[in-house]
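Order of writing sets the labels: A, B, C and D. Residues in every chain begin at 1.
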Amino acid sequence: MSQPSKLVLLAILFSATTFYGQMQEEPTDPKATEFYEPVPPKVTPGINGAAPSDAIVLFDGSNFDQWISATDSTAVQWHLNGDGSMTVKDKTGNIQTKKNFGSVQLHIEWRSPAEVQRDGQNRANSGVFLQGLYEVQVLDNNDNDTYVNGQVGSIYKQSVPLAMASVPSGEWNVYDIIFHAPEFSKGGNIVKPATITVLHNGVLIQDHFEIEGPSEYIGWPTYVPHGKAPLILQDHRDNSRVSYRNIWVRELD
Amino acid sequence: MSQPSKLVLLAILFSATTFYGQMQEEPTDPKATEFYEPVPPKVTPGINGAAPSDAIVLFDGSNFDQWISATDSTAVQWHLNGDGSMTVKDKTGNIQTKKNFGSVQLHIEWRSPAEVQRDGQNRANSGVFLQGLYEVQVLDNNDNDTYVNGQVGSIYKQSVPLAMASVPSGEWNVYDIIFHAPEFSKGGNIVKPATITVLHNGVLIQDHFEIEGPSEYIGWPTYVPHGKAPLILQDHRDNSRVSYRNIWVRELD
Amino acid sequence: MSQPSKLVLLAILFSATTFYGQMQEEPTDPKATEFYEPVPPKVTPGINGAAPSDAIVLFDGSNFDQWISATDSTAVQWHLNGDGSMTVKDKTGNIQTKKNFGSVQLHIEWRSPAEVQRDGQNRANSGVFLQGLYEVQVLDNNDNDTYVNGQVGSIYKQSVPLAMASVPSGEWNVYDIIFHAPEFSKGGNIVKPATITVLHNGVLIQDHFEIEGPSEYIGWPTYVPHGKAPLILQDHRDNSRVSYRNIWVRELD
Amino acid sequence: MSQPSKLVLLAILFSATTFYGQMQEEPTDPKATEFYEPVPPKVTPGINGAAPSDAIVLFDGSNFDQWISATDSTAVQWHLNGDGSMTVKDKTGNIQTKKNFGSVQLHIEWRSPAEVQRDGQNRANSGVFLQGLYEVQVLDNNDNDTYVNGQVGSIYKQSVPLAMASVPSGEWNVYDIIFHAPEFSKGGNIVKPATITVLHNGVLIQDHFEIEGPSEYIGWPTYVPHGKAPLILQDHRDNSRVSYRNIWVRELD
C-alpha cells in the first residue's frame, strides 16, 4: 500500500457494507449501568492503625496465643514486654503464626533499639516473611548504609524500596502491606507470581512488585509450589533486639 | 507417545548430551546478589496521615493557591473554613489543581455533614477524579443504600469496593490512593489501563483495579488518549456540603 | 535477612506444619489425563495449496461470485483471465468479499508481471487487507528496494518481514496467513490486538505479530472498534497488473 | 458522581487547561513512518515443501549424518530406505539431532504404513519432540479413534488438534511447525511458556498453543529449566513402522 489512507478505506467500508453495525449498542439510560448485588460487607475501621472490625488480630501485646516457634512448633520464647509489644529473644529462633494465610492485607509495627549496636546488616535486623518465604526487610538503616536491595523495606535481594522512610531508632515504624499469594499450575509451575505493595509509615515503598520467588541469601530465587502458609517473624541471631506490636491481618481470598 | 515417561526422556537427554549445561550458573557468594546503586531517597514520614517530606501539599487549610475553578479557570469559590478544611459551595462548580499529574500516591480526607439530607446518590455526593477523569466516589452511605458500583469508595460504575468502611456522618474519612496513569500508543490506543488501589480509613477497598476508562454516568467507559492532567474535586450541584482537608500527593513518575 | 537460607526456612516450615499438603495430588494412572470429548472435525486436506474440505473457496478462477467492488458495491471490473487467475484492472478500485470475516486461516496466491515497470512502491504494488483494514503488503521487490517496513510481506508500516522470500517476477507467490481479529471492550477500547502469522512461499516472515491498528500511509495506526469485515484486495491505481488465484479461507471463530 | 457526564468533564478540562497538548504530535509526512534499516535477508524459497536456502537440512534421505541414538549417542540404527526416507527400526530407541535448537520453524514429513496393525495408540505411533521434551503426536488415526488429546496432531495430553487432517494410511503427511522455546528466570522459574503452531497438510491444527511443560504420559506437565536441545523422533517400541522424510529447520533465535 501507499494509498488510499485508512480514512478513505473506512469510508469505502462504510459505504459498501454495514459491518460496523455488529458492535453492541451503548445504553442511553443511566440505570442500565447500575448494579445492586452483591452488597460489600460493612467494616468498622480502626483509628490510627488499630484493627478494623473484620481483621484477625495476630498480636495485641497480651499473649502469644496466635504464635509458635518456627523451629520446633513449641511455645514462643520471645519477650512479652507488657507494654503491648514483643521483642526478639536472641537465638530462640523465628516465630510463626499457627494459622496459614494466602493473600492478605497486613498491618505490623516494629521498632529498632534506640541504643544502636554494630553496622550494616548486623544492626537491628529482622524480617517479615509473608507465607514464610517472601521477606520484607526489617533493619535499622538510620545513618547505617548497606546494600540497597537489602535495606529496610526491600523485598530482600529482589526489590529496592522506592524510598527510605524510617523513623529514628527507638521509635515505632508501621508497615501496611498488600500481598497476593503466588499461583501454581497443577504440575507446579509458577503461573502468577506473588505481588506486594508496602507503605512504610504511610510512604509507598513497594508498588505492586512481582516477587521473583522465595527470598534467598545466596543465589537466585526459585518458586516452589505451596498452598497457604504461616507468617514468620525473624530472629536474626545476632542480638537484633527488634520489637513488634499491633499485628493484624485481613484475608483477601 | 505413550511411553517412555518424561523422566526417562530426561535421563536419555542427559546421558546423550549436556545441553542443560547452557543454563547460567548460580552464584555461591552472597555478595554476588548485593547491590549498592542507585540509593533510594530518604523521606521523612508524616505522623497520622501528615504529608511526608517529599509530598506536594495541595491543601493544608490555609488557602486555595494550588486550585482553580474547573469550569472557567477563575478563582475557587468554595468555602475556606478556617479550621484546616474546605467545603463545596453549591453550584459553583468543580475545582481542579493548577498542576497536572500522572501516576501518584494521593492522601485526601473528606467529611459528609453530620446532619443528613436526602437519600441515595443525593446525600452528600462528591468525587475525587484522578487526572480529572477517573473517579473514586465520595458519598454518605451510612444507612443509605444505593447501587453498589456507585457507593462510597467505588470506582464509579466500574468497581464495587471490597468493603464499606466509612466512619459515621460528620466524622473525617481518609482515602489513601495509589494511582497509575494509563499509557497510550502513539496512535492513541490504550496499551496499559490505569490501575488504582484505595485504602479507606486503612481498609483495602480497591485492590489494583484496572480502570476501564473515564467514569461515565451513562453508557460504557472509553479511553481517550491524554497526558498528565489535574486532580478534580466535584461539586455535585445538589447542596452536598462535603468537606475536604489534608490533601497531599507524591508523584510516582 | 541475611540468614537462614531458604532451604533452612523450608525445612522449618515442613517440620512445623504441613501446609504444602494443600497442593492437589498428582495422578498416577495414565488414564486420568486422557480425554475423549469433544472430537475435532475430520478435514480432507488439499494437495499443494488446494483448499481443504472445510474451506470457503473465495476464488477458483471461474467467477467473481464472492466479490464486489469495494468502492460502490457494484460488480467487480477486474480481469478474469480464464486460466484460474484474476488481474487488477487499473483504476477500477479495490475489491472485497461479500462475506465478512473474523479470525481466519487464509491461503492466497499472487503474481507480479514478468515484465517489470517502474521502481520502489510503484512496481507491481497491491495488498491483502484482512478485515479490510490490516494489510499484508504485495509488491515486486526483486532487485527493487524500498523502505523495509513497506516491502513485500510487511505488515504495512508496522512490521518488517523476517525474510524476503519472493519468487522471480512473473512466477506465483503463496501467502499462508493465520490472522486473529482484534477484540474490543464494550466501550470501544482495544483489549486484545489482532495478531498475524505469515508464511511466504513456505518461509515464516511474520511470526505472531501484534498488529498496532489499521494500516496507515500517513501517521500512526489507531484501532477503531469493529466486528467481522470483508477481505479486501487492493488496486494501487498505478497500473500494478498484479494477479491473484487460489484464494480460500478457513474460519477460526 | 452522577453528573456531569464525561463529555462535559472533557470540555471543562479542555477549556481550563491544555493538558492534552502533551501528547506526541502525529506526523503528516508519509516518509516519517518509512524505515530502511536493517534489511531482512533474502531467502530462496523451496518448491512444495523443499528446504528454503537458509534452512538446515536435517534429513534428505541420503544419510543419518545429523542424527545419533538418543539412548546412547551411538550411530542411528533406523532403516535408511534409499527412496529419500527413513523408517523406525523397532526397539532400537529414539533418535535425536546432534545439533541443539531453540525456537524454530520445522518442516517434517511422515507416513504410517498402508498395511495397518493394531488399534488406538498402538497403531503406527511415533512423535516429534521439540527440544526433546515437547511432543507433536504422530499416529495413524484413520478409522482408529483414541483419546482426543493423544490423537494425531495433538500436543500430547495437553492440546487437542483443531482438526484431524491426515491423509490415508500409507501416504505422506506434512507437519509445518512454528515453535518458540520456553524462557526461564535465572532461578529456573518458567517466565514465558513455549508456544507452538502446527499446520497438518496445510490445515491449521495447533494455533499458538502455550505448552504447559514437557509431554507426560502420567500426571501433569512441569517445566524444568533448560537451554537449547536436540529434536527427537520416537521409537514407540511396538513395531510402529512409521517413516520420515524431508526434514529441515530454520532457526528463529
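In the analysis below, a contact is a pair of C-beta atoms (placed from the backbone, for glycine too) under 8 Å apart; a residue touches a chain by one contact, two chains touch by 3 or more.
If you're wondering where the values come from, they're calculated on a predicted model, not measured in any experiment.
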Which chains, if any, touch chain B and chain D both? A, C
Same residues or different residues where chain A meets chain D? The copies count as same if more than half of the interface numbers are shared. same
How far, in degrees, do you have to turn chain C to put its CA atoms on top of chain D, rounded to the nearest 5? 180
Distance in whole angstrom between the CA centres of chain C and chain D is 18
List the centre-to-centre spacing of chain B and chain C in whole Å, with centres computed as mean CA coordinates. 40
Roughly how far is chain A from chain C, going centre to centre by Cα mean, in whole Å? 44
What parts of chain D, by residue number, touch at least two of the other chains? 2, 26, 30, 150, 186-188, 216-221
Complex contact set, residues of chain C against chain D: 26-30, 33-46, 48-49, 52, 54, 105, 107, 145, 147-151, 157, 160-165, 167, 176, 178, 195, 197, 199-204, 207-208, 216-220, 250, 252
Could you list, by residue number, the parts of chain A that touch chain D in their complex? 2, 30, 185-190, 212-213, 216, 219-223
